[in-house]
Amino acid sequence: MKKGMVYIKNLMEVLILPIALLAVFAVATNGAFINSRILMTALRQSVMGTIVCLGLTLNLNMGMMNFAGGASMICGAVIGGNLAMATGSGVPGLIFFCLIIGVGLMTIQGGLYNAFRVPCVVLSLGLTMVYEAVPRIFYPEGCTLPIDMTKLALSPYCFIIMIVMCVAFYIITEYTVLGHNMKAIGENPAIAMGAGLNIDKVKLMSFILTGVFFSIGALMYVSKGSVDNVAAMGSMPVQMESFTGMFLGKFLGKNVNKAISVPVGVFSMKLLASGLTIVGLNSNMQTIIQGTILLVLLSYAANTGLIDKIKADREFAKMARARA
Amino acid sequence: MKKQLKKWTALLLCVAMVFVMAGCGNAGDGKDDGKKDGQKQEDETKLTDTTAADVDETLAKAPHFNITVMLGSFTDSQGVETKKALEYIEEHFNVTFNYVETSNTTENTIAAIETAVASDTDGIIGACVKTAACVQAAGDVPMVNQPDIGEAMTKELAGKENYLGSVCEDDYAQGYAAGKALYEAGCRKVCIARMTVGISESIDNRGLGFLDFVAEHDDMELLADNQSRGQYADAVATFASAFPEMDGIFCVIANDGVSQAMVTEGLVGSVKLATVGYASSDKQLLENGTLVYCTGGKAAITMTCFLALYNHLLDESGMIDGETKLITRNSMEIKSVEDFEAMEKYVVGDVPPYNAEEMMNMVHYFNEEFTAGDFAEICNNYTIDDLMSRRSK
Amino acid sequence: MDGKQVSRTSEENVQIQKQLDKKARQKERIMNLIPYAGFVFVVVALTIATGGNLFSANNLANILNQSFVMIIVAVGASFVYAHGGMDFTVGASMGLAEFVIVTMILSDKVPLAAALLTGVLVPVASSVGVACCALYLKIPVFVGSLGLRMVLMGVLNMVMTNSANGQLNISYNDYRFIDNVAVKLLVLVAVIVAGYYLFEYTGIGKKAKIIGGNRTVARESGVNVSKYVIWGYVFLGVCVGIAGIFSLFRAAGVSNTSGSGTEFNLMTCIALGGFPLKGGQRSRIINAILGAMTVCILSNGLLLCNLDANIINGIKGLLFIVIVGLSYDRSSGKLVS
Amino acid sequence: MYEENLITARKICKSFGPTRALIDVDIDIRRGEIRGLIGENGSGKSTFSSLAAGLQKADSGEMYLKGEPYDPKDMVDAQRHGISMIVQEMGAIPGITVASNIFAGRLGEFSRFGILNWKKINKAADDVLADIGAPDIKGDMMTATLNFEDRKIVEIARAMSTNPDVLIIDETTTALAQKGRTIIYNLIRRMHEEDKAVFFISHDLDELMEVCNTITVLRDGVIIDTLDQDEMSVELMRKLMVGREINGEYYRADKDGTHGDEVLLKADRISVRPWFENISLEVHAGEILGFGGLSNSGMHEVGRALFGIDKVLTGSVTLPRKGKEITSPQAAVKNGMAYIPKDRDNESIVLTGSIANNILVPVWDKLEKAAGFIRPDEERKVVQEQIGKLGIKCRNGKQLVKELSGGNKQKVAFSKWLGNDCDVFIMDCPTRGIDIGVKVDMYRLMEQLKKEGKAIILISEELPELLGMSDRVLLFKDGVISKEFGREEQLGEHDVIEYII
């Protein structure tokens, strides 16, 4: 029973922020904010962000920041969409092609990462430029899906896909050998290598899994209707959009699996965005508020222990002086 | 380990070589551009006296020119349409285009212009100039800008003869007309989804036109103004959920995401949409009356820039009026499904709004009596009906 | 027992030892040469591809104008990267600096020099902000500067939208005395010499390298870590300010896309120049400058090649990967982050 | 042809860049043998054990296991062949459970189509822990909650989980208290009875004499000799390790503990949570004040507090001669204090830096001229002077510190402060893990500094060194000074033991 209680406490810790946001905006819009329509739309908008952020978290858990997420998603969406239309294979073909391209791109990145021993951040910058250029050679006009192929973005399917991906993430990180090895390497790579884990293989697998998440992200992106190619570094906003949500999730859900805290983080950010729109602040204010929340949250996370440390120090000093 | 590293480097280098070859090959002779669907579409419109072959023959006799085309990007819907039209021109005229993307930053624009001048280009069109420095950077290379640069800068650049002038559509009027269309369709509570202000002047002017219309009509209320870098579909979804009482949306750029969002958010029938520009999935919105205003055929702007420059290069004949240095083209409004189908057929099909023969007649070098007045007049009556009548002749 | 007498000083072992020492020094020298090789490769390849146009008379002036901003920022950034720091606010703070200068000039109640000075203070403040977040709020530099970048971009967009719809222009001809090749060369040389002097011959550079090598050792050897980290960010802020001034007068106007993309370009320059991302003793200003030159010549040359817009960035990305892949120091092996 | 041997190594060579760790090493380990391996740091003993355990690959030479050629890919592969190792540094990963640590790299055996069965894993972990004699530690505990010693026991469990033929123990006992040591000794006895082999690496020569039946001496990567049970003696081993006669007494010959009476460093009732409370002490000019005690007695933390690294919660640390209070390392260095930390590679020198840069760090402020200019020739003068004074073996000042041997690294750590004419030295285990030759040089240097009237605080975990070198000794136990005595009282180790255990 005790274990259950602890689990509930951790879960509540994660849900504080969305509930707080709902309360704040409910007051600000005197009740107009609390309607299922807004919550459903925010949830639907957070599907793509959640899946992309879960992919990024797989890499971040091992200390690797990957900028090429947005670019590989656009590449998968454009080429996958066009191939599916060309072969007339409908939605199943779309899923198949998106997966092939997404996983392929990330496997290349994993291979280069292991071969060149270059930090993931630097390599992903170079690959972003390459992955943005590839779809423009084959399909410069981007990809526009006919209505019947965009079923996945509609409400029943997109939530199913999100839940499936979250459950998959949960199983991978908690119950598989690979997930466990990834956590061990992320914790302390030097000791993990000493303990006999094959770091290169595990990192390559983590890239491939990230590729799966990015390709499902690409699938949701193209199912929204149409995807245009981008110019230099144009894919950054696609990935950075739910970046704050990911860090929100990472820090809010310290002791609960990321499969729960990341979706909640991304959903909270979408709630914030629609809340601010209703209250009438334009999108510039939203970026400022999002950036400030990220900074406040990061400093809170970095100094959680500070208050009770100071209290304990003062307590210790008082006792020491008494005994002197 | 060493073996593996060499393997990867070799692979990367040959891929780089393939890129460069494909690139140089493509830039060299613009004629048989591999990427385009290639088969030369026969001009299905009947030419009265001169056949297509004669047109191509006369055009090929003109001297060859290298022309640099600069746009914010060739990937959004207007960019793609424009590039297709220019590739058509490259097929028929004895010119080679060099496409440069400036992602709308002044530094990139100036750098691109300087580099174009250094690679001795014969002329520059497009450029989306925001400051006088860009024109100064062009030195004495003739240049036709898109969209207009405002009176202050035109006055400042009075001395520069290489600046032939600007060509634009009256974006402000289009925004205003979109507001009017929504107003006439009964919309009173509207939202606007637009691109972050400051990136592209022509898109900003559309927003200003619409906002002024709403301001002038106090029985019309603006619920929300969402600025983003292209996430318009999300903006529509947020409007739909946040403002149930909303009955009209204006989106500064037409894109398929927005049209599909109207369907997925179940707004068809309850909310009217007005956009500027062309999106392929707008057709059913026209059918069910959701789309009350949209314009098309923006590629014609860049084509007009080309024709103005081409006239100057061939025989120095100025097509743009000396003082204002500005041509404001009429915008092609789409009111009905028939208009839409005509546009799809004649504007964004394989033949751009002006086919080779019509363009030939708009060049003084080939057609002596053609004057700047005729040029301005053609730009003014650029409508669907004019296009249909030209194509049906 | 089984250990027969093998001595280290036996003639054959001394031979092997000398050979190993020579191989180690050779490897070190090659590692330092690869960024230069990358630079030469780019220059030669592009000169051939552009048929000699790359170094034609007027293109040289273009290369100087186009690379001026990146070289100045790279010189400033080498102080920050030397102590293992990072700063993504560079682009947005440069835009804000230009905005402040333009508003002051247009209000023409302020002398030009004062306007320029206040303009330089804006990036200094934002970089020191990143330093304070890292030092006192204990926020990791990478994510902290991304968060601050978001805030600054929001502020820049808002300020620009409220004033004259996103575009503020100043007259082009009045400021030719600033935006000309002679002044730029002078300022470039001055900044490089000042940077080199501060980096190699004063405490600021030396202590930044030691902090980059091992922050605990620096602190316990009496180095005031916070002071020298902040000094590094101040110098970066000053360089970004100077770059912002010249970029403003070159463009004769500011918009909310001014300076955008400089932060990712800067990281490309640092990586391409073979400048160690974690800092430490191998950091040298010449590598940062080399990286900036390689990136700018690459962009300029590819434009000159009249390549199709679709593949220009693809080639740039590929060349970036090849050069970084070869020149990056592989000592951390499997444990690279 | 080597069937009767468990492990046979022939002409094994291994080098890291220019430094050659092992040169033509031949070793035979037979069944039932408890082989000790001794040698100074950098002699190659850890390198050889990591080759046998599959952590690293030999450059050349062959190894045989029970007669067949043996070349392990990694630690798990070696464990499958029956050779497991307990590494010297921290080998247990804090963020995961005890069971995951024990079966790290081998979890595949407990999963069906990739899905882990945690119940089965935890049960197997509990069995192994009970088998080696630590039933109180359970498989599902989080490793981070265990103290340092229990984490080492988890590592022992990992090594024993495949009941290996050869167990390699690399300097583990030094960090263990009573509970851990008894577990290790029982295991060794059991391996001997089951006719298996143990490879035991340690600095503690007495412990080796009790436990091992053969001892091999390694020096500079070359095997010097292998001693049988009867040939073993501490003096012989020390002589073989150093390679030359140790003449005369190690420590100080004189017996008088006199020192100047001017107080150079004064601490008044300082305390740092949770390490110590109300510590007051004074150090006089020309005095060596020794701090003795176990590693967790708080003496190391007092040294850090005196230098201003950790902020003191009560009281103050002052330099009476300069009238300054020490609140930060910067203030300490500016007022002539020096601190040589215990963790040399992470806290006292920058491994990726050059010798010159390491030596100059505290000196730069003094060398600064107008506009912060530091003259390169002055720098070279200081560096050459220090390299000469301490006899650091290196090519030139530009050589990287990571290429130096352990002793030379410690000399660099010392010379950093000598170039800065400090008058108060705080040395935390200055001679730990360096070869005896350099140790002797360090002791002579301390004597010379004492004569020059410097104040020295010597923090050491080796009682002989403490008693041999200090004028006055403070013994620490659980954050309190348990005893103070002078050199003249000539107390022996056994007199002071009960004050520190």
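When the chains are written out, they are named A, B, C and D in that same order, and each has its own residue count from 1.
Heads up, the rule we're going with is that a contact is a pair of C-beta atoms (placed from the backbone, for glycine too) under 8 Å apart; a residue touches a chain by one contact, two chains touch by 3 or more.
Remember, predicted model here, so these are calculated numbers, not experimental data.
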| item | value |
| --- | --- |
| Pair exhibiting more inter-chain C-beta contacts, A-B or A-C | A-C |
| Most widely separated chain from subunit B, with each centre as the mean of CA atoms | D |
| Distance between chain centroids, defined by C-alpha means - subunit A, subunit B (Å) | 36 |
| Whole-Å gap separating subunit A and subunit C, where each centre is the average of the chain's CA atoms | 29 |
| Between subunit B and subunit D, centroid-to-centroid distance (C-alpha), Å | 72 |
| Subunit A-subunit D separation of Cα centroids, rounded to whole Å | 43 |
| Multi-partner residues of subunit A (at least 2 other chains) | 112, 115-116, 136-137, 140, 231-232, 282, 284 |
| Two or more partner chains touched - positions in subunit B | 5, 8, 22, 74, 101, 103, 196, 227 |
| Which chain pairs touch, all of them | A-B, A-C, A-D, B-C, C-D |
| Interfacial residue positions of subunit D with respect to subunit C in the complex | 15, 17-18, 20, 23-24, 26-28, 216, 220-226, 307, 309, 329-330, 332-334, 339, 341, 346-354, 357, 360-362, 364-365, 368, 371-374, 376, 395, 403, 416 |
| Complex contact set, residues of subunit A against subunit D | 171, 175-178, 180-181, 183-184, 187-188, 191-192, 194-198, 312-313, 316-317, 319-321, 323-324 |
| Subunit A partner contacts - residues on subunit C that touch it in the complex | 133, 137-140, 142-144, 146-155, 157-158, 161, 261, 264, 267-268, 271, 277, 309-318, 320-321, 324-325, 328, 330, 332-337 |
| Subunit A - residues contacting subunit B, complex | 35, 37-38, 40-42, 44-45, 111-112, 115-116, 136-137, 140-142, 144, 147, 150, 153-154, 224-226, 228-232, 234, 237, 241, 273-274, 277-278, 280, 282-284 |
| Residues of subunit D that touch subunit A when the two form their complex | 54-55, 74-77, 79, 87, 90-96, 100-101, 104-108, 111, 114-116, 118, 158, 269, 271, 273-274, 277-278, 313-314 |
